[in-house]
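What follows is a pair of complexes built around subunit A, which joins subunit B in one and subunit C in the other.
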Partner chain A sequence: MSIQITGELTLVVDRPSIDGQFRVAIRDSVAATLPHWGRATRTSPIFQTSAAKIPLLTGRRSTRVCFIGPISPDELPAGFNLFLSYGVYNAIIFAQGQTEFAALDALLAKLAKTTPWEMWELVGDKVQGGGYSPLLKTASSATHPPMRAIAHGDHLRAASEEYQTLLAVTRSRAAPYLSETADELNVLDEALNDKIKNVELHQVRKLQWLVNINAALSRFSSQSFAGTSPILGTECHFWTHSLLGIGLATKALLHFRRYVDKRAALAQFPARIAAFKSMDPVASSLKAQAATHANWSSLTLPAPKAKASADVAQLPLIVCFSGRDGFKSTTFTLSAPLEVMQSGNTCAWSLQTLTHELSHIFVESIIAALLEDDFSKPVWSTKILAIYNGTRQPANLHEQLQEFMFFAFARLEMEDQGKLDQIDLPEDAPKQLIRKHYHTASELLAHIFDFVHFFQQDPTSYVNSVWSSWDVIPNIESRIDEYIIRSLCALHYANLTVENGTAVSIDMLLAKLQGLSIPRDQYVTPAIKALKDRRDHFLQALGVRIPLIKLARAVMYSPEVASIFAQTRPVSKTAAKVTGYRAKVFTKNRPVDNPIRFILEHCLDRSSDPAKSLWVLTQLAFSGGADA
Partner chain B sequence: MLKVDHDLTRVLVLQDKVGIRQSGHFDHDANAMSGPSQNTQSRNATAIEGRKVAVTVRVKLDPASGEYLSV
Partner chain C sequence: MLRQAVYTGHLAKLHGVKSVAGLFRDARGVGEFASLGDRKWYSFNWSAPANLNLHLDAGAPAGQANSYPFILRESSDRFILLSTHHSVVQAFFRWCRVEPQLEYPRVNIINLVSAVTRPPEDQGRIYRLGAVFAAVEGYGRTLKTVAFWGDDIGDAGLFQEVAPQISPFRTALRDIRSDREIVSIGSGGEVSFFYRGLGHLDQTDRLFRFLTGLDLISWGISHG
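Now for the complex of A and B:
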């Protein structure tokens, strides 16, 4: 059986007087609600399915409104007056008349041990009574550890108390709906507690972690669990979703992140970079050898060890949506813009951009493993310069790569100072260059990582994705050159050993930008003009960054991981015969097994389509089975 | 994402030395939505300090590959 989304409406709940009854209405849009908005008004978009009729809520007619979730729509039997939503209660069934009441009772009995629900009994449009799933009545409360004195000193006290309270709130509210998050929060809590004890780091740095975590956890909790039972007592401050929240969307984010997490565990980048320490350096200096040299073509990450460190937990990123942060990652958090709800079907707001944010985390861990902890000590700079000057031999390949990294950063400094052929540097230059150019370099490396692992080195989809997403960012006209260079570095990864590779990469970017069809684009047309008018400038800029791209090829590319992200597997023999998905249609036994490929294929629209966005998010929320 | 043992500690220590990334994809600095991002820019504008020359980095175009290599 298939369920198709056919239209969007707005579910409205209001209480005209403070001691009156709540009233329910279904309107065409939130705009139709605004003129009547009162102190207690709350709304959420709901989506009509092919079998649904808009119920009349008039007179003394009895209606039951049942909120069920989280549940994959294809798990619901046919014949119900079914609407879908972005809330954790993502399925809403309206029943009228004894036959429909009986069918609904039978369904709820079936779901008694698996899926929470809340039911309202209406007379006309007034909520007169209702009931809750046995799961909500019997679920035991989450247990919480006593308040820990994880913060020593006044600077951290308030943030620490807020954090621990937020953790308790989230654990409690998640238990009936997203119970799997409890274990993840425990891992986060233990890791954070451990790192806060690190006496080498300043308290203000720790305050920064707590502030980031608190902001994300607060958003996650309020967005996900507003609109859960009792619905009328839990308001979401994302006001167009104030009735039911957006828990389905955060569940989709969670599954996307978990999908990448599981595969990232296989990559073992830091451990593989550490393995360079037990490898001999190459015979002659890497900085004097072109990408075509045998030393470079044979220089790849050591193979991952089977089951290495399998018992060490991974830090689960707290996911949330944020209108202010948009797509952003920190070491502890991952956010996506609120626009995903309306426009997640478009290239501009597709969740595909999350792979760039996740790439930053991979890249940071790789650079940290390459530099190790001692790069800021004078002895480290002295060692690197001695290797560079040839007065000391690198002890191993790891040290040789550190020296090459210094050369790559020195090239950025040469460009900064306009001394492209030669530059004199002081004795602690390695440390200073890393501090100065780290963020520029890590941004370029994140683009390369994203391109080679998540985009499978496909220039068309990469250029389409990044330039479409940049096109909805305000005020970046002055940064177009920077964005061109980021794109060029990614594309050049595939052209490092090609004859006239830099020219080939520029022509490739130009062709891909000219092939984009962004209506009334802000930045693509100026970028094309810049590439044509100042071709030599970009040839030079790309040339300066080639050492960074070579470094990326040596230490950041894991063919095993790229191959896993490329795969899709048939879910069953039946599913293998089905070709593709139909937008806005839920078909039984068609879970998404590779969210990244799914998004790449289905979020290519130029115009917003909330119904399709809901379909994408719902597919992702229930994707992956055991993988999720 | 990161293993909670040394991998995470090493990243946090690195951030302590180089600072954290201030802006995400929806760039607040460009969007003039927040002030602290300015620090990132001023850090990048810092001149390399130190009078005594300890190393000279020279590059020369390698005609065969088109790359500028260290000499």
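Now for the complex of A and C:
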């Protein structure tokens, strides 16, 4: 059986007087509600399915409205007057008449032990009564560790108390609906605790982490669990979703993040980079050797060790939506823009951009594995500079790569100083320059990581995705060169060993940008003009960054992981349509097994389509079942 | 105008013939013989007699079921002849009664793949590999042939790992810049490409000059 989304409406709940009864209405849009907006008005978009009819809520007619979720729509039997939503209660059934009441009762009995629900009994449009799932009545409350003691006068006290309270709130509210988040929060809490207890870290840094986490946890909790039972008592402050929240969308984010975490952890980057320590350095300096040199072509990550994946699990980031942060990752958090709800079906707002944010996390762990803790000690800088100057030999391949990494960063400094042949390097130059250019370099490496692992080195989909997403960011005209260079570095990964590779990469980016069809584009046309008018500038800029790209090729590429991200169970005979899903249609027993491929195939639209966005988010929220 | 399609055939040599183009132009059933944009490339149609029973869907115009388009590249006594089906080219050779004078070359695909994958260290790759078909020796009956497809096979670690263990006998080369396939070539001189226009013919010329420059095409070897 298939369920198809056919249209969007707005569910409205209001209480005209403070001691009156709540009233329910279904309107065409939020705009139709605004003229009647009162102090207690709350709304959420709901989506009509193929079998649903809009119920008449008039006179003395009895209606039951049942909110169920989270549940995959294809798990619901046919014949119900079914609407879908972005809330944790993502299925809404309207029943009228004894036959429909009996069918609904039977369904709720079936769901009694698996899925929470809340029911309202209406007479006309007034809520007269209702009930809750037995799960909600009997669920045991979450367990909370005792609050960590923080001394009076400690700068972290307020933020820490806020954090621990938020953690308790989230654990409690998540228990019946997204119980799996409890374990993740525990892992995250331990990691944060380690950092807070670390006396070598500055208080301000700790405060920054706490503030970030508090903001993300607060958003996660309020967005996900607003609109859960009792619905009328839990308001969402994302106002167009104030009735039911957007818990389904955060569940989709969680699944996407878990899918990537679990598979990327298999790459074992830190362990494999550490294995370079037991390998001899190559005979001559890597700095002088072209990418075509055998030393480079044979320099790849050592093979991963079997069955070691449990040791290298990724930190489970707190996910949330944020209108201000948009797509952003920090040490503990991962956010996506609120626009995903309306426009997640488009290239510009597709969740595909999350792979870039997740790439940052991997790149940070790779750089950390290369630099290690010694990086901050003066003796490390002295050693690396001596290897760089040829007065000392690297002890192993790991040290040689550290020196090459410094060389790559020194090239960025040379560009800054306008001296591409030679610059003076003080004793602590390795530490200084790596710190100074860390952000620039990690951004470029994240683009390369994303291109290689998530975009499968496909320049067309990569350029389409990143430039579409940049095109909706305001006021970046002055940074177009940066964006061009990021794209060039990613594309050049595949052209490192090609004759006149930098020119080929520029031509390739030009061709891909010219092939884009972004309506009323802000930045693509200026980027094309810049590449044409200042070709030599970009040739030089790319040339400066080639060592960084070579380094990425040597230490950042895991073919095993790239292969996993590409795989999907074929469901049609044509390779081009491996996922074989029909937009806005839910088909039984067809969970998405590869969210990345699914998004790449289905989020390519130029115009917003909230119904399709809901379909994408619902598919992701229930993708891969327990495996996600 | 020559339509865009896959053309397949042979690189060959015709002994004792002064002008291959002249010979084919004058053959019975050949029409619309024309030079392709002032190059040494020609196109023509051959109306094959029905009793040859080719019965191939060549995309011929309605009512001309036995009419086949050809592409010819002439270079002294060597030439490339392509049509929409390999068997049509063979039938045309028989029709022209030139089979006894025909010689097919030996193209060293192993060295070609190696040259494209691992160029000298002071220069980069100038073609990408789009397909490699190779014999595998040493596994007896269990594994005999492998095929790789991709946009840049030579740059794939997996291919580089197995390259020493395989003997490529057919490969397809792609242009670095346009990222499009130029030609597929086999060790017995088999040639095919998707014709995209006159510029494509120039790319093909350059590619064959590259093969000749590396001395990868040998003549005068018995094929047994």
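The criterion applied here is as follows: the second predicted complex is superposed on the first by the 609 of 628 C-alpha atoms of A that agree within 3 Å, B and C clash if a C-alpha of one lies under 4 Å from a C-alpha of the other, contacts with A are read in each partner's own complex, and residues count from 1 in each chain.
In this section, contacts are C-beta pairs under 8 Å (C-beta built on N, C-alpha and C of every residue); 3 or more make two chains touch, one makes a residue touch a chain.
For clarity, every value in this text was computed on a predicted model and none was experimentally measured.
> Between subunit B and subunit C, whom does A:Ala494 touch in the aligned arrangement: first, second, both, or neither?
The answer is second: A:Ala494 touches subunit C but not subunit B.
> Which holds for A:Lys436: it touches subunit B only (first), subunit C only (second), both, or neither?
first
> After lining up the shared chain so the two structures overlap, which partner does A:Pro559 touch, if you call subunit B first and subunit C second: first, second, both or neither?
second
> For A:Lys328, using the defined touch cut-off, is the partner it touches subunit B, subunit C, both, or neither? Pick first, second, both or neither.
First partner only, subunit B.
> Looking at the overlay, does A:Ala294 come into contact with subunit B only (first), subunit C only (second), both, or neither?
second
> Applying the document's definition of touch, where does A:Ala215 land relative to subunit B and subunit C: first, second, both, or neither?
A:Ala215 sits against neither subunit B nor subunit C.
> Which holds for A:Ser376: it touches subunit B only (first), subunit C only (second), both, or neither?
first
> Touching A:Val24 in the superposition: subunit B (first), subunit C (second), both, neither?
neither
> Does subunit C touch more residues of subunit A than subunit B does, or is it the other way round?
B
> Can you pull the subunit A residues that subunit B and subunit C both touch?
Touching subunit B in the first complex and subunit C in the second, residues 289-292, 499-501 of subunit A appear in both lists.
> Sort out for me which residues of subunit C touch subunit A in the complex.
Contact set of subunit C toward subunit A: 118-126, 128, 152, 155, 157-158, 160, 176-177, 179.
> Per the contact definition, I'd like the list of subunit A residues that touch subunit C in the complex.
Answer in residue numbers: 289-294, 297, 300, 457, 459, 494-495, 497-501, 504, 507-508, 559.
> Show me the residue ranges of subunit B that touch subunit A in the complex, using the header's touch definition.
1-21, 23-28, 30-33, 40, 43-44, 46, 48-60, 62, 64-71
> Spell out the part of subunit A that touches subunit B in their complex, as residue ranges.
187, 190-191, 194-195, 198, 200-202, 205, 208-209, 257, 260-261, 264, 270, 285, 287-292, 309, 312-317, 324-331, 335, 337, 353, 356-358, 360-362, 364-365, 367-369, 371-373, 375-376, 385, 388-389, 407, 410-411, 413-414, 420-429, 432-440, 442, 469, 473-476, 478-479, 499-502, 543-544, 546
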